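Order of writing sets the labels: A, B, C and D. Residues in every chain begin at 1.
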Amino acid sequence: MNPGIVLFAILAIPLAAGALSFAARRRRTMEAINLCAFVALLGCAVLLASQVLHAGSVSMWNGFLAADSLSALMVLLTAFVALACSVYAVGYFREDEQNHVFEADVLGAVTISSLRRYYSLTPLFVFAMLLVALANNLGVMWVAIEATTLASVFLISFYGRATSIEAAWKYAMIGGVGLSMALFGTILTYYSAHRVLETETLAGLNWSVLVTNAAQFEKTTMRLAFILILLGYGTKAGIAPMHTWKPDAYSEAPVPVAAMLAAAVLNCALYGLIRFYVLTTKCLGPQFASQLLIVFGLLSVGVAVPFVLVQRSFRRILAYSSIDHGGIMILGLGFGGALGALGMLLHLTYHSITKPLLFFCAGNVEQHLKSDLFRRAKGGIIHPMPVTGPIFLMGTLAITGTPPFSMFQSEFTILRAGFGTAHLFPAVLLIILLVTIFIGFLVHIAKLVLGADPELPRVDACRWKTYSLIGLASLILVLAFWLPGPLFQLIREAARVAGGQ
Amino acid sequence: MHFFQDPQFGNRIITLMAAFVLVLQIAMVGQRWLVTNIRVFAAQSFLLAGIANTIAYFNHAPHLYIAAFLTFTLKAVALPIVLERLVKRIDIGQEIAPLVNVPLSLLISGGLTTVGYVVAASFHRPEETMSAANLSVANLGHNTLAVAVSLFLIGFYMMITRRKAIMQVLALLSLENGLFLAAISLTYGMPLIVELGIFFDLLVAVMVLGILVYRIQETFDSMDVSKLSRLRG
Amino acid sequence: MSSPLGYTFFGGLLAYAVGAIASLISGRIANLARILGCGFALAGGLLEVVSSGIALLASADAHWEIHAAVPFLTYGFRLDPLSAYFNLILSLLAVAISVYSFGYLRPTEEKRTAGVLGFFYNLSLLSLTAVFTASNAFFFLIAWEAMALTAYCLITFEHRKEITRQAGVLFFVMSHAGTGCLLIGFLLLNSLSGSLDFSSFAASSANLTGSMQVAVILLFFAGFGVKAGIIPLHIWLPEAHPAAPSHISALMSGIVIKTGIYGLARVMFEFLGVPPLWAGTMILGFGVVSALLGVLYALMEHDLKRLLAYHSIENIGIILIGFGASLMFITLGHPRFAAIALIAGLFHTLNHAVFKCLLFLGAGSVLHATHTRNMEKLGGLIRRMPQTALLFLIGAIAISGLPPLNGFVSEWLTYQALLAGFGSTEKLTRILFPVAGSLLALTAALAATCFVKAFGITFLALPRSKEAETAHECGFSMVAGMGILAALCVALGLGATWFLPAFDGITQRLLGVRMSGDLVAGARGLILTAGSPRGGSVSTAGIAAMFVILSAVPGMLWLFWGRKGNREIRPTWDCGLPGLTAENEYTAFAFSKPLRMIFAALYQPRREIQAEYDVSPYYPTAIRFDSEIESPFEDRLYAPVQRLVLKIATRMRGIQAGSIHAYLAYIFVTLIILLLFGVRS
Amino acid sequence: MNIILATLAQLLLFLIIAPLVTGVIRTMKARFQTRRGSPIWQPYRDLHKLLRKDMVIPDTASWLFSATPYVVFLTAAMVGLMIPMVAADAPLSLFGGVLAVVYLLALGRFFLALGGLDTGSSFGGLGSSREMTISAIAEPAMMVAIFTVAIAANSTNLSEVAKSAVGQSWRFLAPSQMLAFGAMFIVLIAETGRIPVDNPATHLELTMIHEAMILEYSGPYLALIEWGASLKQLVLMTLLVNTFFPFGLSPAWNAQGVAIGLAFYLIKIAIICCLIVMVETTNAKMRLFRVPELLAVAFILGALALISTFLF
């Protein structure tokens, strides 16, 4: 059984799950399909990761699907986030049903059709994200990212409210424009490679082929290509000034979708950016790309600050937090050097684990208070929700990079890279901005979680939601003190690839 | 019938068609009526298919024929029909009020064209390819890149100034046309599977946007996108 | 790990960890949680006392490395004399507070929170030990913020009250800003020395010069200054300490602010090589300002715990005077004087930790018994709580720097250092020393006034409210906890000269000179001298002995001249009014009235009298009096900055105003700019 | 053996001379006001009377009330032993220098203020509040003067200060010494509660500071406090006299040297008493909130003394 089968399995499982749940009749079967599919997917992802660790890289269909350590890491993280979201989604949508969120909920007809839309679109969404990581061809990668956008448009407008349609429209439009810029960048890269490789076949755009002789590419074209790619995939990653769709999409989408958007799609967009960053640094040398990345990184972290300090909704504050973390990762890549790429990928991993937890807590609180506005919550959530409250506070401290938690370790590595490569001013500015964001977060969330007992009815949280919450929280606590050896080795390998060796 | 083989003739034809495509694009910017805009877009796609055919014919690149055929069937025929039926069903006011008045838009489109030429000129010199001496078949149609970039920029600008949702979709599609033109002019199209993937995505995108436009019309009972501004902060 | 030092040290850490987990698990059964939590903390404290004692006396430099499973992090512990000294202070306090909290936590109203309180208490002890003994920057920062996090959780423990939450958030925000400065400082040092280890910072301290040195000094001063509560950065301290449960505010005031002092000592004396003169002058200046303003604001407080919190700022100022003088002596090339000043600063750190913790525990017992911290409502507690009153009095005498207790000894050493400073240089800066000395004297005298007010109004004469009337003496364990600390005060006061060799290891490491030999003189080494043979000397043991001997004189006088008259208990003279009541007593507000008049320029006192009357204004039926002093730092420094930031933030939120056209325009403009930028080169 | 004898001698001398000095000042003041005034040994008779009378203790008072007289008396006595009086090296000079003297007096004042508060009457509170405030303001002035003296002799041990003056002839004429003497004199007036700051003879509630605290004491306790107060007054005078004009101090504790020393000492004390009485009779009592200005003048004098040490 050649190693390629794993790649096929990874892609086949979500497709099958999508089709099956489209055909399924009852909610319980749809939930079961999704859960089993994503559990199997995580298993295959772990298998792929171990294969990659041993064999260096796995490929199938003569290089059409290829997975080196970077893509194996992406697949692993996407599978993990998908599983966590699906576990949470079960509880989330059951509570939505009880709260009669779906309009004209007549005889459950509308509910089932909405749920079917969710349970069939989500596997497609995950399939597209996995294809991004596994596609060796940059063109196919673009197609996959476009597919993620299209799959998630209807997931954002899931509730059909006026505001969620507005959010979906903005997401589609800005995403469409961004990806067309990315396509233009891919075309230009293909053109600069075409002059050297002279092949018409598909391999002309395969990353593995391009990376070997990137040095001879034409300079100006590669510069324009990288600019367009940065703007294009930057839009998908929510880098400022292309971040404007993010707060609306995250506050209107159902929480599991928002979590996947925040954690998994950000990874795929940054994965695409890393691929082109490697080509550009090989062709133009690191100076050009890192200059751009640092400027955009600082811009993203800076843009998040005012919206975190003065914020009305705790769903939107999480959106700005992921814009801020996108900026930090971009900065990590921009600082470069051995530590920069490693810090960035470490941060990517920890972010993909911590961010969903925060979204789940926000989801619980929102469902309990029937609104996501700080104003509406009179504080003291810890009393009616003894599990969600403390975990929400702990998650806030983790996401803002307070030391005992792992996010600080990755931020510290990135800052060390910054100081190491004499980018003193951006690193110091980053620290100041991070402290301000911490202040904004702590003030808002502490006021929400702590306080006198608001006499709200004590919530009997559904088992699934509590499992996902406690599971993720304990994982974060463990990660603060122990990072599994093979995972760290995988990250180091991926960092070597991203660093351009 | 010897002139069919002469690359010089091919080059002339392609440049002519590219010029027409640019004119149609600027016409779309100036155009106020919705249905006419859809037809202008269809004409533009038709011309694009023509360019693709000529390049394919002169370069004997079989996969380009398929791309040209797809462009023709999809963008020149299918999409306009779908969009017109959508416009008829919603029977919104044909007339659209752009954000920026028309003369200023035309001026800006002119500016964007110059930017397109500056960008295109920076990385490949059309004049040396034009000289008869080394007019090889390989670099036929390179001067259409400038048109492609300006098409892209003007399409982007049109998205910003249009209020109607359908017009924004059209602007996005014309933007995609720019990209397709850039692809065929630079590298005689992307590898086939990538082309198929792009077309498939385009198709799905239009369907998705169509459904969304319909939903917007349903909830906001108007196509005006500037009404969509309740999410702030 | 093998030596007894290793066993005791890691045994202590283990005890804290087990205590934390045990009290959390047994959270439901309140009594078990309390006993387990405090018991393990006590055991851990005792083990740490032993380990740091061994390390200090043997001035060993034990070093352990445990590679963590997390990238780039190694748990490096190092017990060099400085860390051992601060660890000793911490563990002494941990022992006393644990004994105290056995009794204090008994009747917590919510049973299930005792476990959580024990959990955070043990964790904070663990993180404090880690802060003092961390040997690399990464682990230090993690321990530092873990301490801030556990302190935040402890401060906002009674989070039902609004002021507690606000105090907690203010503390955590300012502490995190301080950590930001430390982070930049450590990264600068790391980029200079290549590795994160403290020893590498110390080794590469020689080539730390010019603007890098200025940046490092200012960053570390700000970072550690926030935690130590130096004047402009102190506004969180009077809010946070009173908000915490009493035994936690004792821990915080006793040792958590000392982490700032430890950090300053470690950086300024080890990582800087030869510090510039302005650094020492800056620290001396801030020390004097903190001391004076600290005590002046303490005088105006009627809340017992806020008063003690302001006094922490004052004593931190005194410690900084010692450190600042020592740094200036290093620059001026007088290692012996630098050693005296450093010993004065460090000895005052220990003394302040001991008597401040004692006073806070005393205030805790008063709060425990009367459920109020407002001095205006207390009084007459000396009859109802005799032991607490005696112990609080010992603490008060010690903090006012009165002989024969430990406060006097460290202040005496500070004076001697400042005195030596005048003669040590020709520059104009030498006038700074005696001026600092006189302001220190003013501070000490004002501190004495403040504690006469605090003790007198709280404990003496008639109770001013029903709660004070029905107060009762607190349990044995609380008195025992305070007793340990009072005994320490007396022991450190009288036996100061026996304790001085403990500093030899530190001065040897930091300044390369051993001072205990010539600081101690006299027959049984009971006389403390100031280093120079003919210099001044003092012997607290001698003074105490003379007290006993001379007490015979009044006895003899009475025998020889007087006769055994009888004594009667009569009510105090009341100028013919029908008997004295509590209203006639002097209030705390009145007691500090003269000083409020004298320092009116600083306080800007504002008073407001409203008289209600029905017939004519000359016959008021009710008079309401309200007065408050201005808090300049909050009103003129922090509040405007906060308002400005929020105003800018609100205006910048305009970029997300909802219109999709604007959003697309942002991307379009960026695209055009970048295309032109990409094309030009 | 010699130390114990010297301590006993100095202690006895102090105990005896202290009430005498108070008596002398009182009679001298009376004479200046053309009154006959009481004989100079009147204080001994008062003390003798008080020691024999019964004692009344307020019901609100605690053990602190009874401990205060002992602390006040003992601190004053102990400080007396640390200061060179008749011989150059004071018996207990090793146990504490000038800083210990200042802080021991502060300890006495601390307990006296608490004793005042313990009675529960507003006079006690009034007195202790004002006493502590004034002494706090006086502290920096005294410390600056002490620093000047200690810097000149580079030691805070009073015997060393006295011995060091032997070498430098006419040292007391140095400007820094004179300015420091001025500062110390004002501080002496403030500490002992003399006229411009506080009127020792009055019982008028609004003006008394020192008297208000000891209003409730009676019998032997009042005797101890009165004796302690006069001891403190003598100690401060001796400190003033022997640090600025240290001639006439006998180098060793032998009978002959002590006798000469005693003679010189009595003359110097008499001069100081005249100075004090002159000040008392020519000045009226200041308002309480003008006293800080007076003490600010003392501080400025001290600071000038300090600056002049390294200017001249």
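For this structure, a couple of remarks:
Rule of thumb we're sticking to: contacts are C-beta pairs under 8 Å (C-beta built on N, C-alpha and C of every residue); 3 or more make two chains touch, one makes a residue touch a chain.
It should be emphasised that the depicted structure is a prediction, and the values quoted were computed from it without experimental measurement.
Between the interfaces A-B and B-C, more contacting C-beta pairs are found at A-B.
Centre-to-centre separation between chain A and chain B, using Cα means, comes to 32 Å.
Averaged C-alpha coordinates give centres for chain A and chain D that are 80 Å from one another. Distance between chain B and chain C, defined via averaged C-alpha coordinates, is recorded as 72 Å.
We define each chain's centre as the mean of its Cα atoms; on that basis chain B and chain D are separated by 103 Å. Residue positions 119, 122, 156, 159, 225, 228-231, 233 of chain B each touch two or more of the other chains. Under the contact definition stated at the top, not a single residue of chain D touches 2 or more other chains.
The set of chain C residues touching two or more other chains comprises 653, 656, 660, 664, 671, 675, 679. The chain pairs satisfying the stated touch condition come to A-B, A-C, B-C, C-D. Residue ranges of chain C in contact with chain D, taken from their complex: 380, 382-383, 389, 393, 397, 400-403, 408, 412, 415-416, 419, 422-423, 430-431, 434-435, 437-442, 444-446, 448-449, 452-453, 455-457, 460-462, 522, 527, 530, 532, 534-539, 542-543, 546-547, 550-551, 553-554, 557-558, 561-563, 565-574, 580, 584-586, 590-595, 597-598.
The touching residues of chain A, when paired with chain C in their complex, are 169-170, 173-174, 177-178, 181, 220, 223-224, 227, 230-231, 235, 241-242, 244-245, 247, 292, 303, 305-307, 309-310, 342, 346, 380, 382, 397, 402-404, 406, 408-409, 412-413, 415-416, 418-420, 422, 427-428, 431-432, 434-435, 438-439, 442-443, 446-447, 450-453, 480-485, 488.
Those residues of chain C lying in contact with chain A across their complex are 68-73, 138, 141-142, 144-146, 149, 156, 159-160, 162, 165, 168-169, 172-173, 176-177, 179-180, 183-184, 187-188, 190-191, 645-646, 648-650, 652-653, 655-656, 660, 662-664, 666-667, 670-671, 674-675, 677-679, 681. Of all the residues in chain B, the ones that touch chain C in their complex are 99, 115, 118-119, 122, 153, 156-157, 159-161, 225-226, 228-233. Contact residues of chain B toward chain A in the complex are 61, 63, 119, 122-123, 152, 156, 159, 165, 168, 172, 175-176, 179, 182-183, 186-188, 190-194, 197-198, 200-201, 204-205, 208-209, 211-212, 215-216, 219-220, 225, 228-231, 233.
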